[in-house]
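Here it is, the structure, as structure tokens.
Should a chain be cited, it is by its letter among A, B and C, assigned in written order, with residues numbered from 1 in that chain.
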Amino acid sequence: MKSKGLLGSAPLSDRFLSVFVYVFVIFVMIITLYPFLNVLALSFNDSVDSVRGGITIFPRDWTWENYKVIFSFSGLITGFKISVFRTVAGTVVGLISASMLAFTLSRPDFQGRKFVSVFLALTMYVSGGLIPVYFLIRDLHMMNTFWVYILPGLVSAFNVFVIRSFMDGIPFALQESAKLDGANDFTIYWRLILPMSKPALATIALFLAVGQWNSWFDTYLYNGSSEALTTLQFELMKVLQSTTSGNNVDIHNSNMTQMMSTVSPESVKMAITIVVTVPILLVYPFLQRYFVKGMTLGAVKG
Amino acid sequence: MKAVTTSVQQQTHKLKKERNFWRTAIRNKYLYMMSLPFVIWVFVFSYYPLWGWTMAFQKYKPARSFGEQEWVGFDHFKTLFQDDTFYLVMRNTLAMSFMGIIAGFAVPIIFAVLLNEVRSMAFKRFAQTISYLPHFVSWVVVAGIVTKMLSADHGTVNEILMWLGLIDQPIQFLAKGHYFWGIITVSDVWKEMGWNTIIYLAAIAGISQEMYEAARVDGANRIRQIWHITLPGIRSTIVILLIMSIGHLIQIGFEKQFLLGNNLVRDYSQVLDLYALEYGLQLSRYSFGTAINIFNSVVSIILLFTANGLFKKITKESIM
Amino acid sequence: MNQISKWSSLALSTTLVAGLLAGCGSNNDNKENTASPSANNTGSESAAPEDTSPLTLTYYSEDPSPNWANMQDEIGKNLTEKTGITLDAEFAVGDAVQKSSLIAASGEYPDLISAKQSIAKFVDAGAVLDLTDLIDKYAPNLKKLFEGNMSRLRYSDDDHAIYVIPSYNGIGQEYFNAGGGFELQHRVVKELGYPQIRTVADYEKAIKDYLALHPKDENGNPNIGLTLNADDWHMYISVTNPAFFATGGSDDGEFNIDVDTQKVTYHFRRPEEKEYFKWLNHMNAEGLLDPESFVQKYDQYKAKIASGRVLGLIDQDWDYGDGEKALKAEGKFDYGYGHYPVTMSEDVKEASFWPTGFMAGSGVAISVDNPDPVRTIKFLDYLASDEGQVLMNWGIEGKHYNVVDGKRVIPQDVNDRKVNDATNFTKETGIGLYNLLSGHYGDGVKDPSGNYYTTSFPEQIVASFNDAEKETLAAYGATTWKDLFPKEEEFKVKPWGAAWNIPIPGDSEAVVIEKKLTDITWKRIPEAILAKPADFDKIWDAYQQELIKANVEKAEKIREDLVKARVKLWSE
């Protein structure tokens, strides 16, 4: 009879595990913190001094100059506003679309299940290319609009499948009993399944938010001449361009305009990384609380 | 007599099936309403643009309209398969993909599982946040750091190896082709591990606490709990991610290979997407680029169905 | 309850469709109205007799212009005042060629297009106008500017139309300084008593001798004889181009073209260049070449230079400039670099300054969608006029420069701002933002008042040298580095300009062949340089064989035809 009970079963292997866990986790933290600290240090370091290399986690020659360069670009405020809008809108809309689809696909009694799954899955691996999509956007009159940030990418197969996998873990019996109580499918989705899928929703929300926050290519292609619709990342790309000596340089024309910039590209790149990352870092802790351990699913075995 | 009854039976059976179909459809009406708009959406934005694939069979010139393009059949594909570089590139792509999938699954899963064992919530959250920071640092910056660390001129790795007495001369890691695949894999794990654990941690959060209670009562130590509860609990998540990753086997992008590579290791660093960029888009050879695109998609779909089918049989989990 | 849920599910599904329709409604129509508030408030005061009513034109450029201030800067406002034109501009971010392809394919074109090499796509699409008549009738200044060179503006032998007004290359451009050649630190030549640095043997000896005297720096780190910049495209500048400069060839891209016969050779096939790379191989064998040359990235290269340990470079000053700037910031001026016209032997002339004549090249085109091509060409003409050029380069008289005794002078405080607060200065004044919009004169050309059109001239260059540079220059009997190099007059003008400037038709086989050749070259050259000297010949021969197998001779032939066509086009 295993009568060890709770206290007795703290065997050597458990303590071993604890030690191992802490050592491993701390090791990981050190090696993953380093690049970020390095970037942070370089962003506060004088650009000319940075060229000398050798900076690890502390700036050697402190300066605000790199950040000043970034914030001196007027488009930044508008870019920030639009980026926030698209991140919020895109995340909400994306969550609803992905979770709704995932719900329908998680239902074993849904007729269209197989077809929709395949139909969706294929989209992850095929693409018509830049030109057809560009024409489509243009023909749908979405050029120079805010909606081009939200609508084309509305449905993401990946997100749907991840959420569905979570929903599959919720016992169907719960839905059946709700049906007996008179709920229709939509109510079940909205009031029963969604609240139980919080960890999945939080995860996908994070992915959606980061995706929206970081994108600039769509701004470039479709809203490039629209000042009112610029996004933060796009503005920062412009900042980077202004100080990059060499990416598009005409190698036969030693153009002296490159020499005009007083802030070297490396330092500004670092400052840009920080400016873009910090907002996300502030968002994540809010989502973390949804990753709460354990859901009580009632008497039915999981 | 029997023959007649059988065909009548068949007919009624068919009618019954049809009626059943419609009956189920009506019952499913909300489910249809909740999915159909999106299906249409997907069709418009993902399937309709596929008409662009016709470019691969033409000598595409952006100037001319669709009707005016010159048709060349499978010529571009022939060019592709006759190019020696193509095979070299495929080899590199597959090698790095395999290594990437193995490392890219093993490490985040292990990390997620271990992180879950941490008692203190605060420490756990803190560790998690830190671990995904490199995800936000662009590859340009990470490649710079890696290059510096592997440098033969006071690079960290060489310094450590020499201090440990394992080598007496610094090694130029980035000059040797056969180290390249390993360097790419390790760098990618370093950068993405923290981010990739997010999904697994969320999956672990979905496992019922009661199961752990029950196991503890049964006297299982934590290692056994991990093995018998945590891992199986996230198995479905692992499987669907694995299926999707296998589909992406040859679409691994090129940014990190481009940034970490150099001319000395080109034979090991060039990958399919980079080849497509250099010989397709950058030379304005849209048709050729599209041909590679189609090749990519076809292979991916085959891989997807194969992986899906396999896992369906073995583990009963699949995405389709 | 059920009713509500049913409606809400319906509502939800249709919201998204409604969103699409709403998207149509809120569409900010027409680029012309978005970002140019000034279009309405330009007064119609005009000194010039032309039509100066407000007109906004859209402009797309493949080059970035991050300091663009929507013509709200001082020059911009002045231009709008004088011509009534405001530009609504979109500049490239990242890979411009993709965007250009999309625009060319889309059928809707901006009014003004500056598409550099992508212009071919627009021409093929029929998107741009032939400017020949417009220039002839309405652009006297442009005519004067391009007098004698008009044939160079023509598109091709089959198509004599003028689609582009060259705006990158200036007429009469002169160079006052040399930024290339081989570099050596000032302290090296100083300590060795300023020996002659004319051949690779001289160069090698200087490095060797100095290293013998100072093998390590003050921190105990070894000094490096020579390091190369081989990160991606920097390979052209530091590794492969010097091969032709040092062997008497001029810059025609990847090919060497005989000035008399126009015979084209892929330059790596010249036997002289084999000797050059053999010399680099020898440098490597002697331990004088940095073994990390082909592994290091650009910022590592610059960091090495900034550490002061690198005695010699083979590069262009704008390519290693950041590293040198760091040294100067520390006051280590004698660790800076001088430029020397090194070649394989004394009878070979360094060809950095082989003259090409006016190269035409990339510039501005007017699209078929332009609402008023006549006013547009007049606008471009104004920019090319004497008044316009001085405005763009110098600014507004009294504000950005003064005329003292007939000479244009920039006040010290303005100049300080220009150099130290460059970004804001550009945004406020607009100096430097409009130069690529139209044809213009180059450096060294004087206007009717006897002043230079541009703000770069010889006296200025000399003034910018620091003491260490002046000391070295004086020791070699020169005022600027260019004095050490063979002058333009010593060469025959190339009737085709420069081969890298000649566009290859997009569907030509040469495009793919040349890419393959570059791939082979970039793999083999580093291999050959780093190999053991005994293996060099073997590797080189294998390399040459690979080139032939990859159809190099076909590429040469195609190029030759293009060059001959260009010569014909330009000489009529």
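Everything that follows uses one rule, which is that a contact is a pair of C-beta atoms (placed from the backbone, for glycine too) under 8 Å apart; a residue touches a chain by one contact, two chains touch by 3 or more.
Small disclaimer: the values here were computed from a predicted structure and weren't measured.
Chain centres here are C-alpha means, and the one lying farthest from chain A is C. Each of A-B and A-C has its own count of C-beta contacts, and the greater count is at A-B. A straight line joining the Cα centres of chain B and chain C is 40 Å long. Averaged Cα coordinates give chain A a centre that lies 16 Å from the centre of chain B.
Note on chain placement: the centre of chain A and the centre of chain C lie 38 Å apart, centres being C-alpha means.
Counting partners per residue, chain A has 53, 97, 100, 131, 154, 184, 186 as the residues that reach two or more other chains. Counting partner chains per residue, chain B shows two or more touched chains at residues 30, 33-34, 41, 62, 148, 286.
Those residues of chain C in touch with two or more other chains are numbered 9, 16, 98, 101, 105, 299-300. Chain B makes touch with chain C in their complex at residues 30, 33-34, 36-37, 41, 59, 61-63, 85, 143-144, 147-148, 151-153, 172, 174-175, 262-264, 266-267, 278-279, 281-286.
For chain C in complex with chain A, the residues that touch the partner chain are 1-2, 5-6, 8-9, 12, 16, 19-20, 22-24, 26-29, 31, 34-35, 58, 63-64, 66-67, 88-90, 92-94, 96, 98-99, 101-102, 105-106, 108, 168, 179-180, 233, 236-237, 251, 298-300, 302-303, 306-307, 316-319, 321-323, 325-326, 329, 420, 422-424, 426, 432, 456, 498, 500-501. Note for the complex: chain B touches chain A at residues 21, 24-25, 27-28, 30-35, 38-39, 41-42, 44-53, 55, 62, 111, 114-118, 125, 127-134, 136-138, 140-142, 145, 148, 190-191, 193-194, 198-199, 201-212, 216-223, 236-237, 240-241, 244, 247-248, 251, 286, 289-290, 293, 296-297, 300-301, 304, 308, 319-320. Here chain C touches chain B in the complex through residues 9-10, 13-14, 16-17, 97-98, 101, 104-105, 121, 124-126, 230-231, 235, 291-292, 294-297, 299-300, 304, 506-507, 511-512, 515, 519, 522-523, 526-527, 530, going by the rule given at the top.
Only residues 48-49, 51-54, 69, 72-73, 93, 96-97, 100, 130-131, 134-135, 138, 140-148, 150-151, 154, 182, 184, 186-187, 190, 216-217, 220-221, 224-229, 234, 237-239, 241-242, 245-246, 248-262, 264, 266 of chain A touch chain C when the two sit together in their complex.
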